[in-house]
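Okay, so chain A shows up in both of these, paired with chain B first and chain C after.
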Partner chain A sequence: MHRKRLVLWPYLLILPALLTILAVVFVPVLKALLMSFQSYDLRRPHRIRYTGLENYGEAFSDPLFWQALMKTAIWVAAGVGMQFIFGFMLALLLNRRFPGRGIVRSLSLIPWVTPGVLIGLMWRWIYDGNYGVLNDLLLRLGLIHDKIPFLAQQSTAFPAVILTIIWQGIPFFALMLLAGLQGIPEELYDAADVDGANAVQKFFRITVPSLKNTIFVTTLLRIIWVANSVDVIFNLTEGGPAYSTQTLSVYVFNKGNTLNLGYASTMAILLALALATVAVPYLRILFRQQEAG
Partner chain B sequence: MRRNRLRHLPLQILLMLALAAIMVFLLFPFYWTLVTSLKPERELYASRVTYWPNAPTLASYRKLFVEFRFVKPMLNSLLVAAGTTVISLTVSLLAAYAFSRYRFRGRRFFMTMFLTNNMFPTVLLLIPLYAIMRKLGILYTPTALILAYTTFTIPFSIWLLHGYLNDLPSSLEEAAMVDGANRAQAFVRIILPMMAPCIVATGAYVFMTSWNEYTFAVMFTNEANRTIPVALKNFIGQLGVEWGMLTAGGIITIIPVCIMFFFAQRRLVEGLTAGAVKG
Partner chain C sequence: MRYRKTFLFMMLLGIMATFTLGAQTRPVTITHWYWADNPNYSKVMQQIAAEFNATNGKGITVVAQEYPWDGGAYSETLFRAVMGGGGPDTSSFKLTSTPLFTANGLLVNLDPWLAKWPDRDKIDASLYNTMRKASGTNSVYVMPWNTQVLYVYYRPSMFRRMGVKVPTTYEEFLEACRKLTFDIDGDGKTDVYGFGMRGARGGHEPWGSFIQARGGTFEDFTTPQAIAGMQDFIDLYRKGYAPPTAPMDGFNEIIANFKSGKTAMTIHHIGSSIGMIDTFGTDVDAFPFPGGVGRWTSMGDTENVMLKGCKERDAAFEWLAYLATGKGQEMWCTATGNVPVSKDVQKLPFFQNNRFMKVSIEGAPYAGIFPILDTTTEWISTIWPNTVAAALTGKMTAAEAMRQLQKGLWGK
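Moving on, here comes the complex of A and B:
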């Protein structure tokens, strides 16, 4: 297998994938970096030129940029945090034996494979201020007395989009944690039973430590994914009302739509830098795994 | 633990209720979408909300296909998703095989390079790709979208297929090579057939993500080749909001996804969770 003659083969085999990725990922990232130093507005295509750090200066003095950054932090913290809590609960519940477990597990994953646009549309209809089912349910339960236009007012729009992303992300957490739970040897719990441990002790002394790695990796992946997601918010509110649901990703997307590509690139670079603080520890783990494997 | 089952009966019931509550939360939006798509216009915007249509009708579906020609975006989506799947699987399978079966200089560097791709924000790629494709003159063609989708499908497929390949012992091909086959023949005759279910699962995932994608699609397509997600979103802009037709479109969109997912599910879950659970 390690004959010298064959040593060219692996490079030839990875070449097609490598060339594609260089063309569609690495060239664009460099291009984005260049554009971030340019005044690059397709509404004025003849006036594209280098402007140094002007875009960055504009970003740092743009109140909407700071607001979007703040929104992103809340969106990620609340979204991923609750996805984790409910995903963990679901995983624990699905790890127990009961009839029909297989089909329930499959069904629980459907939100995960649902298109972002459809998620946006379904929930937009649920939240509707006139005919929405959420208003109807809350009225019937006597929890509210007047219908609430959830997505049309600033105070409720952001919590509403966060609830939607929580809904979307529960299945992925449950999926990963359930796999982790199934990998914990039963003997650990039997030994704890012999020692007279109660359920809470077993949970914190056995279950959580055994899942440490799964929790870490899944959380990091979700943070990156949720921070980058555009389609759910865009299809619910397009970032409104009055920018109250505009995360940084959505802001960049909206700027891209107005064809101010230079400024959009600048903010995208800043978003990438912010996410690097999350991605780097993840990559460290990945490296460690590869060394082990 | 199991011995005490009866003593814990109230607890058992409580836990099943908790599970039921989470499942209702997760599935109710789909139920609601289906019910909405079956309601006649009159009932949809009545003052009283009904939880099952009084007079179920397929009128919204008929309108979707006859008046709004929903078949066109479906075909566009099919073309893009199928193209992305074929290209991603081909180049990823070759690369995954190299990573799994050869130890070569730079192996770790290249693998990390592929894996880090998924860390880049979508919008960071979206903006420059838009500028580049506009210059190349391929903006608003299916090719543009297929290329854009490989940014996330290739890294993902390599990672998944690499995991599956590592589970196949290389003694399999070596035995065939001792019998006189070369490596390519061994790959085609031994590995491909054994990998088939895993390749199908990976392909299903690639197909689903391309079928579902919106952010690239909305910037890289026009009237002629817009895909389903873009068409759905545009319905809102064009007609105010016609919820009957929108929800009908949603149901049509998600049916193929669900069918593919249920077939590919077991392998996909195995492949996805392997990496996170092992280390």
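Moving on, here comes the complex of A and C:
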């Protein structure tokens, strides 16, 4: 009897957390999955019914869906890629000793702690084609001869929103990689010095392998977050002009806002599947390397 | 014995009177949601609620709660709240949301109260008809509150400088857009654009005037006339008579551009007039959008509704009536400059002597609304801005864009 109670005890302890997760994660996911098989449009509540794979068929024949998917791939690849590169550079810089390092470390976090909505609004005015500070700066430097309506042209709107997300995400990588850098034993570098290794060799033979797990986890997290992020794009452009900045998550948000919840759920499920195809092999490689290591 | 009977009768009468009066003055609280375009309007709405609470004499307390307009997201916030079983008793409202709310049974039919309301005829019958049409039924679910007729703001000093007269025809208007695009400092770059075009969300309203001026209609965007109107709109941008930022310019941008002198004309309603006068004094005026083959301008509207969760419906109607024809109507329209729906309030000197109000009233006979369908909100929020942006930036021709707009609104 006593042994039985002991076996049950851990399950009882995790039960509140499990029930909470079920209520706030699994139930909505299940509901979204069910809605993806329904014509669930609150503008036409009397026509809500199960339609099987109709929404999926509609998505696959919707040019805007494919365009948004392509935009998402570019958004994630360019956004996360650049965040990683610049974040790594910042981490290496902040890992060195120099006067005022504490202040620089604190200041570098500002973009990361600023809410996405605020970032969107702030950059909207920075990019403004009439009064924006970026245009003013470029004109003063003589790099342009006339103001550029960055967010009003399809050719510049998407690079502009990508630049904004890069700016936002650099501190996250810098912070995580800095923590990783500080965990690398100094002895490794000392030994490499004794062996006559140069800076590049030390970087690729010691620093990068030591940070491998951190790089894998942070990159994966950022891929998921950036792919799902709506706030920055929505507040900058709402997905325009002419859908040129509409990623899949923004398309889902726009459809959801117009209350076509069935179609929005379908695209959300497809986005989740697309992310899973990236995340699962990624995690597999990570775990395999950990086991091997 | 007789005294005793009289005493008992008097007591009974007293008890009945107490209950009757008690029923009339039983404290009732009505929660009202609204949006305000600036802090002053917030203050005014709170003053209206306080005034109503102090003077209604029926124990009704209105708690006015402000929610952001957020480019129209207010309606979605309200919808979600009421669908979820919450939300207010009454709320400010836009007519375009009516099909969504009535289809889901979220609005209270106001007919029973309107039938016995003594002030009913103080509001023009045509407004009730518009409300009925919006719901797709023969009932009124939406209480008129105020309207805003779009017109053209212009800078008289710029007109004088460029020798332009106030346009009276559509062709003259297009010509004025061209002439009022000029270079001030002689550096070869445009400093002032003739027309402050709104290409972002909400821009469909001024755009509608171009379509109808060429003889097009909103029932079929693919007619040659409607396409010609679209071509005019595109040409204004492509030929440089509107700021390069126009495809993404919304309300804030067109107002900022006009106030900073970047544009010589822009289209908005009387709600902006107080800010315009603050900025320019007498160097700002307005004219109704001129007619061509056809003539149309957008009638913006703000109404109030009673939501299905409202328990104290008589009290809620008292409040809606106060806003429509009572002191609340006068206070709100005086502060905001919106066109009152109450005929009595329209006659007040403030409204008779206001130059922008005069232009609004001048435009009222040909002011109208877009077709209210279950596709309208999506068409306004995403389809119109993205399609028009594609046309303005040369990704689509006028005819292609109009076909897409037709499909988005009418489904074919």
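The rule we apply is simple: the second predicted complex is superposed on the first by the 271 of 293 C-alpha atoms of A that agree within 3 Å, B and C clash if a C-alpha of one lies under 4 Å from a C-alpha of the other, contacts with A are read in each partner's own complex, and residues count from 1 in each chain.
Operating definition for what follows: a residue touches a chain if its C-beta (ideal position, glycine included) is under 8 Å from a C-beta of that chain, and two chains touch if they have at least 3 such contacts.
Bear in mind the structure is a predicted one, so any value in this text is a computation, not a measurement.
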**OP:** Figure out whether A:Y131 sits in contact with chain B (first) or chain C (second), or with both, or with neither.
**Re:** both
Subject >> Touching partner for A:Q67 - first (chain B), second (chain C), both, neither >> reply: neither
**OP:** Considering only touches as defined above, state whether A:G239 meets chain B (first), chain C (second), both or neither.
**Re:** second
**OP:** For A:H46, select first, second, both or neither according to whether it touches chain B, chain C, the two together, or no partner.
**Re:** second
Original post:
A:S108 contacts which: chain B (first), chain C (second), both, neither?
Top reply: first
**OP:** Would you mind checking which one, chain B or chain C, touches more residues on chain A?
**Re:** B
**OP:** Based on the superposed arrangement, let me know which partner A:N257 touches: chain B (first), chain C (second), both, or neither?
**Re:** both
Subject >> Partner chain(s) touched by A:D146 [first = chain B, second = chain C, both, neither] >> reply: second
Original post:
Of the two partner chains, chain B (first) and chain C (second), which one does A:Q154 touch, if any: first, second, both, or neither?
Top reply: second
**OP:** Kindly list the residues of chain A that each of chain B and chain C touches, one partner per complex.
**Re:** 42, 130-131, 257
Subject >> Interfacial residue positions of chain B with respect to chain A in the complex >> reply: 1, 15-16, 18-19, 22-23, 25-27, 29-30, 32-33, 36, 44-45, 49, 87, 90-92, 94-95, 97-99, 101-104, 107-108, 110-132, 134, 147-148, 150-151, 154-155, 158, 166, 170, 174, 183, 208, 211-215, 219, 228-230, 232-233, 236, 243, 246-247, 250, 253-254, 257-258, 261-262, 265, 269, 272-273, 275-279
Subject >> Residue numbers on chain A that touch chain B, as the complex places them >> reply: 1-2, 6-7, 9-11, 13-14, 16-18, 20-21, 23-25, 27-29, 31-32, 35, 40, 42, 86, 89-90, 93-94, 96, 98, 104, 106-111, 113-123, 125-126, 130-131, 133, 136, 167, 170-171, 175-176, 179-180, 183, 189, 193, 213-214, 217-218, 224, 227-231, 234-235, 249, 252-253, 256-257, 261, 264-265, 268-269, 271-272, 275-276, 279, 282-283, 285-290, 292-293
Original post:
Which residues of chain A touch chain C in their complex?
Top reply: 42-46, 128-131, 146-147, 149, 151-154, 157, 237-243, 246, 254, 257-260
**OP:** Provide the residue numbers of chain C that touch chain A in the complex, in ascending order.
**Re:** 73, 76, 79, 83, 99-100, 103-104, 189, 199-201, 243-249, 253, 256-257, 260, 262, 374-375, 377-378, 381-382, 385-387, 389-390, 392-393, 395-396
